[in-house]
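Two complexes are shown next, each including subunit A; its partner changes from subunit B in the first to subunit C in the second.
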Partner chain A sequence: MTAWGLAWRTIARSPARSVLAVVGVTVIGALLFDMLLLSRGLLVSFHDLLEAQDFDLRIVAAEGSMVHRPPIADATSLVEAIARLPEVQRVTLVRTESAAAILPGGDRAGVRVGLVGTTAAGTGSIWTMISGASLPSVTDAGAPPPLVISTGLASELHLAPGSELQLRLFRPGAASAIPLVTARVIGVAQFTFEAADEYTVATTMEGFAAAEGTRGSGVAELVLVSSRNGAGPAAAAAISRLRPDVRTLSNDQVMEQFNQNAFSYFRQISTVLSSMTLAFAFLLIATLLTMSVNQRLGEVAALRALGFPRRRIAANLLWESVLLVGVGGLAALPVGGLLAIALDRILRQMPGVPVRLHFFVFEPRTIVLHAILLSVTGVLAALYPIWLATRLPIAATLRREILS
Partner chain B sequence: MALAVPVVTTAPADPPAGILISRQLAEREHLHAGDLVSLALDATGTGSRPFRVDGTYEPTPDPLRFTAKRIEARMHLPDLIAMTANPADPASAESLSAINVRLADPQDAVRFAAAVAARAPGIVVRPTTRARDGSDPFAVLERFHVAVAIVTVLGSTAFLLALMVMRAEERRETIGIIRLIGISQRSILIEVLVEGLLIATAGAAFGILLAVATQGAVNAFFQWRYDTALVFVRVTRSIALQSIAVSVPLGILAGLVGSWTLLRRDVLALVGR
Partner chain C sequence: MTGTGTPIIEGRGLTRSFAMPAGAVTALGDVSIRVDAHDYIAITGPSGCGKSTLLHILGCVDQPTAGSLEFEGHDVGGLTEAERSRIRLTRIGFVFQRFFLLPMLTAWENIELPQSEAGVTKTARRARTRELLDYVGLVERSDHRPSQLSGGEMQRVAIARALANRPALLLADEPTGELDEDTGAQIAGLFDRVHADGTAIVVVTHNPAVAARAGRHLAMKRGRVVTA
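After this line comes the complex of A and B, so read on.
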C-alpha cells in the first residue's frame, strides 16, 4: 500500500475527527483567502476606477495631493496651454464645492450635494449617463445652468431630465449666504467616485460660476488630462515645464499616494490577520497530527518493526496533513468567496467610500498565493509529528504498548 | 495653507512671534526650541514671516487621519490672520475655519446647533460625539472586526471539537472501566463538565494574558509605522469579559459533545468486549 493510501485509510477510520478538522481548515482557510483579497482589493478596485475614466494624468497645485486639493490659479489659461500640447488628446477642468439642492417650493434646507463644475462634455469621463443628455460644450447665454445629477439624488428628490432644481453654494469661511440659483436637470448619470451616502450634481464651469455668484474665477482644483498613446510621461514633463507651480500625477502615482496613506490601514490589517490565521492553522494542524501520532505510537512501532522505512512513515504523515489541508483549502475558496461578499458589504458602509469601490477583489494570483501559504503551513505543521514518529524507539514502544 | 520651513540665518529686526511645532516637524527639520524659522503661505515664499520656535507638541491622535504625516505648527490666532488675510477683502481678517464650543449641558447640542444654524446661514454645527446614524467609520470597522472574530471563533470551535473527539477516543477504555466499577453516567458527565470548565477557563485566561502582553507590541508597531501616539489595541475589562463569555461555554460544549458518544455507548463496547 502506498503512503497516500495509508494516509487516506487513517483519515477515513475517524470520520468525525477528520470532518471537524477539515471544517476547521476550511473556515481558517476562508479567512486567510479573504485577507489576501483585502490586501490588494482596494488597490485593484481603485485602479479599475481610475482606468475607467479615460484620463491618465491628473494635475493639482504643487503643495496639494489628490485628497487635499488647493485651488490652481489661472487654471483656464493652463488648460488652454495644455490643450495645445501635441502629446495631449483631451483636457478637462474640475471644481468641487458643497451645495444645497432645493426643490422649487420645497424644503428650504434642501439636500446637501457635492457640486462639480467641469468642462468634460460627453460621457465616458467622470460619469456614465443613465438618461437624458450630458453637459453641453457651449451654454446659451441667459439659459439656466444645465445639470447632470446622480441617480441617488434623482430618486431622492424625484427628479428627471427637464426638472428644475435650485442650488445654493456653501462658501467655506464666508459669513454670508449666496442667493439661490435656478438650474435645469438635463441628465441623470452614475458618478464614478460618488459614495453611497453622497449625492452629486455636475454642471458646466459657467454654471458653477453662476452658482458661485461670479462670472468665473478661472480657478480649478483639478485638471484631468488624456494623453495620446504612450505619450503620458512626455505630456507630464511638458506640463511641468508650462507651469512649475502645479504637480502632474500619473495614475500610478495617484495609486501610490493612496496606497501609502488611505489604503495602508487595510493592507496592514490584512497582513496581521493573515499571519495570525497562518499561525493558528499551523498550531491546530500540528496539534491534531501530534495527537493522532501519539494515539498510534504502537501502530507506528509495529510498522517499523515489520520493515517499513522511516521515509514511508514520514510520507504517510505528510499525506495526512496534505489531505486535511488540501481538502480544507479547496473548500475554503467558495466559502471565502461568500464571506468576502459579506465582509465587503460591511466595509462599504463606511462614509465617503465610492459605491463602485470594493475592498475584496478577486485576482487569480490570490488563489496561487493561498495555495502556497497553506501548503507551506501544512508541511511545517507535519514536521514535529513526523520527527516524533520517525525517531520512535521501536522495542521500547512495543513493550510499553503490550504492558499498557 | 502650505507652510515652508526654511531656517532663517539672519536675525529679524523685530522680535519674532512664538510658535509651537509638532514633534514630527521638529524631527524632520531638526528644529529645537529657540530656533528661528520663516513660515510662508506657499513654497514660493508668499507672505513669508519669521517666527521663533517656543516648543514642540505631540499632535492629538486623530483616528480619521492617522495615516497623515502631522507636519504642523500652532501659532497665535492674530499671527495666523495677519499672514493669511487678504488686504482686498476686509472680511477675511475676521474669518475663521472652526470654533470649538463646550456646552454647559451636552444634552443641549441639538438645540444649540439649530439655534446657531438659524442665526448664521452657511455655518455647519457638528457634535464631537460619535454619530449614531451610521456615518461613523469606526462603527463600520467595529462591525468588520466583530465579523472576523465570529469567523475565527467558528474555525477554532471546529478544531476544538476535533481535539475533544480525539481526546474522548483516547479515554474510551478508561471511561468503560469507570462505568464497569459502578460510577454513574451522571457523575462522569459532571466530571467532563468540570474538566471542560477548568480547561476553557484556563484557556480564556491564557488568551487574555497573551493579548495583554502583546498589545504593547502591536501598538508599538503601528505607532512606529504611522508615527502617531494613537492607541490601536486596548484590552479592556469589557473585551476580556466578552472573550470569557464566548470561550468558556464553547469549551464546555466542545468537551461535552466530544464525550457524549462515549457516555451513550454500551459499556462492553467501550472496553472492547
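After this line comes the complex of A and C, so read on.
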C-alpha cells in the first residue's frame, strides 16, 4: 500500500474530524483566494479600463498627478503642437467640473453631474455610444452646445437625443456669476469612469466654455494622447521637449501612481489578511495532525518496530496534510469565487467608484499562487507532527502504550 | 548461551540504563544471550525485571547503554537507523501484547503492508498473504477490520503480519496477555507451528503454559538472568 493510500485510509478512519478539517481549510482557503484576488484586482481592472480608452499617454501639469490635476496653462497650443508630432496619432483635451443639470421648467436645483469638456478627437474613447450621435468635430455658431449624457442621467431625467437640458457650473463663491446655459442632448453613452452614484455629461470645449461663461480659457487639466504603434516612449520624450512644465505619463506610470497611492490600502489589507488566513491554516492543520499523531503513537511505534523507516512515517503524514489541504483548497475555489462576487458588489457601492471597476478580478495566476501558498502551508504544518512521529522512542512508546 | 554455528542474534554484556530525575535506573544489567536458528526461548520474570527491555534490544528497537549486539554477524551498534529498520522489516517479526493492527485496514491489508514496504511484488504479496491467512486459519476473515475480529483473531493476524517477510526471528512480548486461557492456548499452539516450520522465537510471557512450550527458558530478576 502506498503512503498516499495509507494516508487516505487514515483520514477516512475519522470522517467527522476529517470533514471538519476540510471545511476549515475550505473556509480559510476561500478567504485566502479572495485576498489574492483583491491584491491585484483593482490593478488589473483599472489597467483594463485604461487600455479600453485607446490612449497610451496622459499629460498633466508638472506639479500634478492623476489624482490631483491642476490646470495646464495654454493647453490648446500644447495640443496643437502635440498633434503635429509624427509619433502621435491623435490628441484630446479634457476639462472637468461639477455642474447642475436642470430640466427647462423643472426644479432649479437640478441634478449634480460631472461635466466633461473635450475636443472632438476624444469621442468614442472616453465613452461608448448607446443612442444618438457623438460630439461633432465643429460646433455651429449660435447653436446650443451639444451634449452626450450618461445612461444613468438619461434615465433619471427621462432624456433622449433631442431633449433640452440647462447646465450651470458649480464654482464655490461664484454661483451668481455663472450663467445658465441651455444645451441640447445629441447622444446617450456609457462613460468608462462613471461611478454608480454619479452622472456624467460631455460636451465640446466650446460648450464647456459657454457653460463657464467665457470664450475659452485655453486651460485643461488633462491631455490624452494616442501614439503611433510602438512610438509611445518617443512621443513622451518629444512632448517633454515641447513643454518641460508638464508631466507625460504612460499607462504603466499611471498604474504605478494608483498602485502607490489609491490602491495601496487594499493591497496592504489583502496582504495582512492573506498572512492571517495562512497562519490560521497552518495552526488548523498542525493542530489536527498533532492530535491525530498523539492519538496513535502506539500504532506509529509498532510500525517503526515492524521496520517501517522514518521516511515512510513522514510520507504518510505529509500525504495526510496534502490531502486535507488539497481537498479543502479545491473546495475553496468555488466558495471563494462566490464570496468574491458578493464582496465585489458591496465594495463597488462605495462613492466615486467607476461602475466598470472591479475589486476582485480572476486571473489564472491567482489559482497557481493559491495552490502554492496552501501547499507550502500544508507542508510546514506537517513538520512538527512528522518530527513528533519520526523521533518518538520506539521501545519507550510501546511500553507506555501497554501500561496505559 | 548455547549453540556452535552462526547465531541469528547474540548479545554480550547487554546493559540498559535510563536517566531519571532521581538518578540512573538500570533496567538490564550485563545480560548475555544467544539465539540460534530453531531456538524457542521463553523469558519470564516479575513485572519490571527487564524482560521487555531485553526483547526490545534484541529486536533492534532500543540500543544498550553498554555491551554489544550482533545480528547475523553484523554489529547492530554500528548500523544506521535505516539499516536497523531494514533488519526489523525483513529479518525480525514482532508480536505485541496489544496487537497494534492498523484499525483502518482489513486483516488482508495488515498482513500485506510489511511486504509492500519490503518491496515484494504484488503477485508474490497476494500469494504470501493468502498463505498466511490460511496458516492462521482466518481466510474467511480476510476482509474484516480489526474492530470486527475477536482478540484471538487479532493476535493471529498480528502473527501472520510478523511472519509476512519470512523473518529469521520472531519476537513476542506477552502475546497472550490480553487473551483468555483458551485463546491463549490457541496462540501458543500457533507459536509451536511457527517454530516447527523453522523460525526462531523469543517470547516474553507471564503465562506458564506458553513458557512451558519453549525449548529454553530464561528467568529474569532485577535486570539480570537468574536461571537459563
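To be clear about the criterion, the second predicted complex is superposed on the first by the 394 of 404 C-alpha atoms of A that agree within 3 Å, B and C clash if a C-alpha of one lies under 4 Å from a C-alpha of the other, contacts with A are read in each partner's own complex, and residues count from 1 in each chain.
The rule is short, and it goes like this: a residue touches a chain if its C-beta (ideal position, glycine included) is under 8 Å from a C-beta of that chain, and two chains touch if they have at least 3 such contacts.
Note that the coordinates shown come from a computational prediction; the quantities given were computed from them, not determined experimentally.
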item: Subunit C versus subunit B on the shared subunit A, clash or fit after superposition; value: fit
item: Which superposed partner A:Asp252 touches (first subunit B, second subunit C, both, neither); value: neither
item: Touching partner for A:Ala395 - first (subunit B), second (subunit C), both, neither; value: second
item: Touched partner set for A:Asp48, first subunit B, second subunit C, both or neither; value: neither
item: Touched subunit A residues, subunit B compared with subunit C; value: B
item: Vertex subunit A, arms to subunit B and subunit C (CA centres, degrees, nearest 10); value: 80
item: Subunit B versus subunit C as contact partner of A:Thr10, first or second or both or neither; value: second
item: Touching partner for A:Gly24 - first (subunit B), second (subunit C), both, neither; value: first
item: A:Gly307 touches, of subunit B and subunit C: first, second, both or neither?; value: second
item: Partner chain(s) touched by A:Gln295 [first = subunit B, second = subunit C, both, neither]; value: first
item: Smallest separation of CA atoms, subunit C relative to subunit B, angstrom; value: 9
item: Where subunit A meets both subunit C and subunit B, residue numbers; value: none
item: Subunit B-touching residues of subunit A, taken from the complex the two chains share; value: 14, 16-17, 20-21, 23-24, 27-28, 30-31, 62-63, 70, 170-177, 197, 245, 260-262, 264-265, 268, 272-273, 280, 284, 287-288, 291-292, 295, 339, 342-343, 346-347, 349-352
item: Interfacial residue positions of subunit A with respect to subunit C in the complex; value: 1, 6, 9-10, 12-13, 298-299, 301-310, 312, 393-395, 398-399, 401-402
item: Residue numbers on subunit C that touch subunit A, as the complex places them; value: 52-53, 56, 59, 61-62, 81-82, 85-90, 92, 94, 96-98, 100, 102-105, 109, 112-114, 116-118, 161-162, 165, 173-174
item: Complex interface listing, subunit B residues touching subunit A; value: 2, 42-44, 66-68, 91-92, 94-97, 120-122, 124, 134-137, 140-141, 143-144, 147-148, 151-152, 154-156, 158-159, 161-163, 165-167, 169-170, 218, 222, 225-226
